[in-house]
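Chains here go by letter, A, B and C, matching the order in which they are written, and residues are numbered from 1 within each.
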Amino acid sequence: MNWLTPHLDPLVNQLSTCRNCLGANTTRNTNLPGRGAVVELLGHLVTLLFPGCHGHAPVVEELAGNELRALLQTVGETLEDHIRRVLCHACAHTPCAECGECGAKARASALKLLNTLPAIRECLREDILAAYEGDPAAHSTMEIAIAYPGLHAIAVHRVAHALHKDGVPLIPRIMSEHAHSLTGIDIHPGAQIGPGFFIDHGTGVVIGETCVIGRGVKLYQGVTLGALSFQKDGQGNLVKGGKRHPNVGDGVVIYAGATILGGETTIGDHSVIGGNVWLIQSVPPGSTVYNSQPAPVIKAKK
Amino acid sequence: MNWLTPHLDPLVNQLSTCRNCLGANTTRNTNLPGRGAVVELLGHLVTLLFPGCHGHAPVVEELAGNELRALLQTVGETLEDHIRRVLCHACAHTPCAECGECGAKARASALKLLNTLPAIRECLREDILAAYEGDPAAHSTMEIAIAYPGLHAIAVHRVAHALHKDGVPLIPRIMSEHAHSLTGIDIHPGAQIGPGFFIDHGTGVVIGETCVIGRGVKLYQGVTLGALSFQKDGQGNLVKGGKRHPNVGDGVVIYAGATILGGETTIGDHSVIGGNVWLIQSVPPGSTVYNSQPAPVIKAKK
Amino acid sequence: MNWLTPHLDPLVNQLSTCRNCLGANTTRNTNLPGRGAVVELLGHLVTLLFPGCHGHAPVVEELAGNELRALLQTVGETLEDHIRRVLCHACAHTPCAECGECGAKARASALKLLNTLPAIRECLREDILAAYEGDPAAHSTMEIAIAYPGLHAIAVHRVAHALHKDGVPLIPRIMSEHAHSLTGIDIHPGAQIGPGFFIDHGTGVVIGETCVIGRGVKLYQGVTLGALSFQKDGQGNLVKGGKRHPNVGDGVVIYAGATILGGETTIGDHSVIGGNVWLIQSVPPGSTVYNSQPAPVIKAKK
């Protein structure tokens, strides 16, 4: 018995009586996969998309045969398990009515995601090329696949968005928040983003749930594609629900720190939005938008 | 003997003669816990606050009994060890005078933190509810507990602040910088923050050491609550010491990219501060503050 | 045979026929070290620079003798292996012509980096002192070495820059992107940065490839030292190649959110650039620059 022992009983009581409190994931009440489990699953999915890039060594004959098959098996079974848990949690029946619906839907969704991977990989190929063409500092496409945070964020997004579109709750959000943690780029799984997408630097980028972004769009760090807030609402209330984030046309470039807000705001194809611009209205295709703010004051040394 | 061997002796000499240089943590000179050790401890504390959320699997019967007790024991003993080391390092006597004061204080502080955990958990319950009510994209409270970076940042802050208030050096800073690394949200352990606090997205948020923030406050990404700098001081000198960061009243909302500076700046209760606003003066309760900058220039395609 | 089995064959075919696609690192085609391997190597290099700081425990007699020698041996051999692979990949001959040039260059570069470590450590000593003097919230130099993201970013940069200057491709970029992921600070390995450099908070900082930064410079979060974009080019084209990022003189302070752009932009010694300033022209030594934007509108409660 050490100095701590006498103090443990009351603490155990206080912390475990919080059995029904918010923020506890238990087999009896919520039975969800933990964040660590979903992050591990995401790591496997990224390995399927970029074999040999994020681990320690290049793939011998590219996961040929048994290794690739084994990874797909693991990913498929884990997806089925995790999706079933999150569906049961979101289900109206608590505890689960054991109707079997969640299990059947989980299996179908897991298989659907696996079958979408080749198309996602093709889309990421266009994203890699867009980064290579769009960044004067990029020396090879492998540099982009291995090192670029913008590519990692869009890769995770394309997986998370496929799950989100298929009605899978929670798991896509855990995935996108993990990418956010690694890259500083926060893309909601609901956002629709065309191929050939490139985010350079990326820290501070926020892309909202109902954004619709065309093909070949390029963003820089600190760009927000968000909801209009009190600027439209004199009472300071947050606008909730429905379409609340902007549309961005094909080939648009948005420079660092620009903020574009509102569900009715549409940036026409091939427009260029300058750094730090604050934009809450639509602009026609081919527009160039920049700040008209006065130049900074420069005071010489006395 | 390989190609490297002949080159190692001079390098070993150069790198180890730097025995007294800055940036080396050795048993003889500093004897501090490493960052990795503190991060592991923090992981255990987060597990106590959100059981089953961040690991791989839900808790079976919520850490009931032995498992919870064992984790509390580990956390208590590790806290005692780490706090004793940082106190000895901060102590005027180098090497330690072995007076026993640091050891006694370490044990008391470790116990105090453990006994504060139930109150922290209750406070985080309010933070979860604030996020649920404040974000139209949140579908369940578990989504917030498992995935939201803003919740993670405030959870770590509430632990770090308790240690900081109790006079524990270094450890709170390592904890807050770890949360900063994961979330992009930089909250100094000294900041006082009321319950029901919600940061959405969060990347780039900076909250300074002497901030005092009320109940039910909501911030978005890129908000700085910082010290006034040369704007107040014609010679470009940093204002040091004392109260140097703002006060934020109850129910205030601060939109993305806003900067509020200065220890005498107070934002009255229920005010709303618009995106990108730069504010270095107090505003009364119920104020709405927004930028008056001219609209951006929109040039049509030629 | 479970439910997945019949679906695996077509997937294995589709994902492995992408053998020549972008984003796959295989022994036959690219044979590069994976990101995980480079990150592990970087961890060892950081341990050599800050012994005992980032692991679990302080160094016993500071890696004295055998331990330090063993780590140097590992680092040297790993560097040689990784550098040889990235040189072969960048080499015109694919597959490698086995001319031996890459191997010889790899060995020389690995040794060169090891021999640069003492000088890098000396430089970091000045960086630590600059942080200690520049931040009113810093209580000890160990706090900076263990916890400060700005110091971590500049430490990784000084290693990555040494490799970059020596003509090593890819590895420096993986290193700098790893630091970017941990700190939100994105410094291209090509940037030249003098000693005594301090970045406070740091999230969102971007420092471009051709920046030249003097001694004793201090930056805050969200500062961009970037390339001029369409502001100078009426057709919206990205300016590529050559010197495209600014020069920053000795003793300059740049406050949060400032943007300084262009390869011909020079900030004279000891200038102070205010928060959120947008600067695309040179300023003479000793300048003070701040925004002249109108004060925000403050509306009282009705």
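Keep this in mind: a residue touches a chain if its C-beta (ideal position, glycine included) is under 8 Å from a C-beta of that chain, and two chains touch if they have at least 3 such contacts.
Since this is a predicted model, take the numbers as computed values, not measurements.
K.L.:
Tell me whether chain A and chain C, two copies of the same sequence, contact each other through the same residue numbers or different ones, using over half shared as the line for same.
P.N.:
Result for this pair: different.
K.L.:
Can you work out the rotation angle that lays chain A over chain B using Cα coordinates, in steps of 5 degrees?
P.N.:
In degrees, rounded to 5: 120.
K.L.:
Compute the distance, rounded to whole Å, between the mean C-alpha positions of chain A and chain C.
P.N.:
That gives a centre separation of 24 Å.
K.L.:
Out of chain C, which residues touch more than one other chain, so two or more?
P.N.:
Within chain C, residues 184, 203-204, 222, 257, 274, 288, 290-291, 293 contact more than one other chain.
K.L.:
Can you tell me which positions in chain A touch chain C when the two form their complex?
P.N.:
48-65, 68-69, 72-73, 76-77, 107, 111, 114-115, 117-118, 121, 124-125, 128-129, 134, 136-137, 139-143, 145-149, 182-184, 201, 203-204, 221-222, 253, 255-257, 272, 274-276, 288, 290-291, 293-301
K.L.:
In their shared complex, at which residues does chain B touch chain C?
P.N.:
For this pair, the touching residues of chain B are 2-5, 7-8, 11-12, 14-16, 18-19, 21-28, 30-37, 40, 89-90, 169-170, 173-174, 177, 180-181, 184, 186, 188, 190, 203-204, 206, 208-209, 222, 224, 226-227, 229-231, 236, 238, 240-241, 244, 257, 259, 270, 274, 277-279, 283-293.
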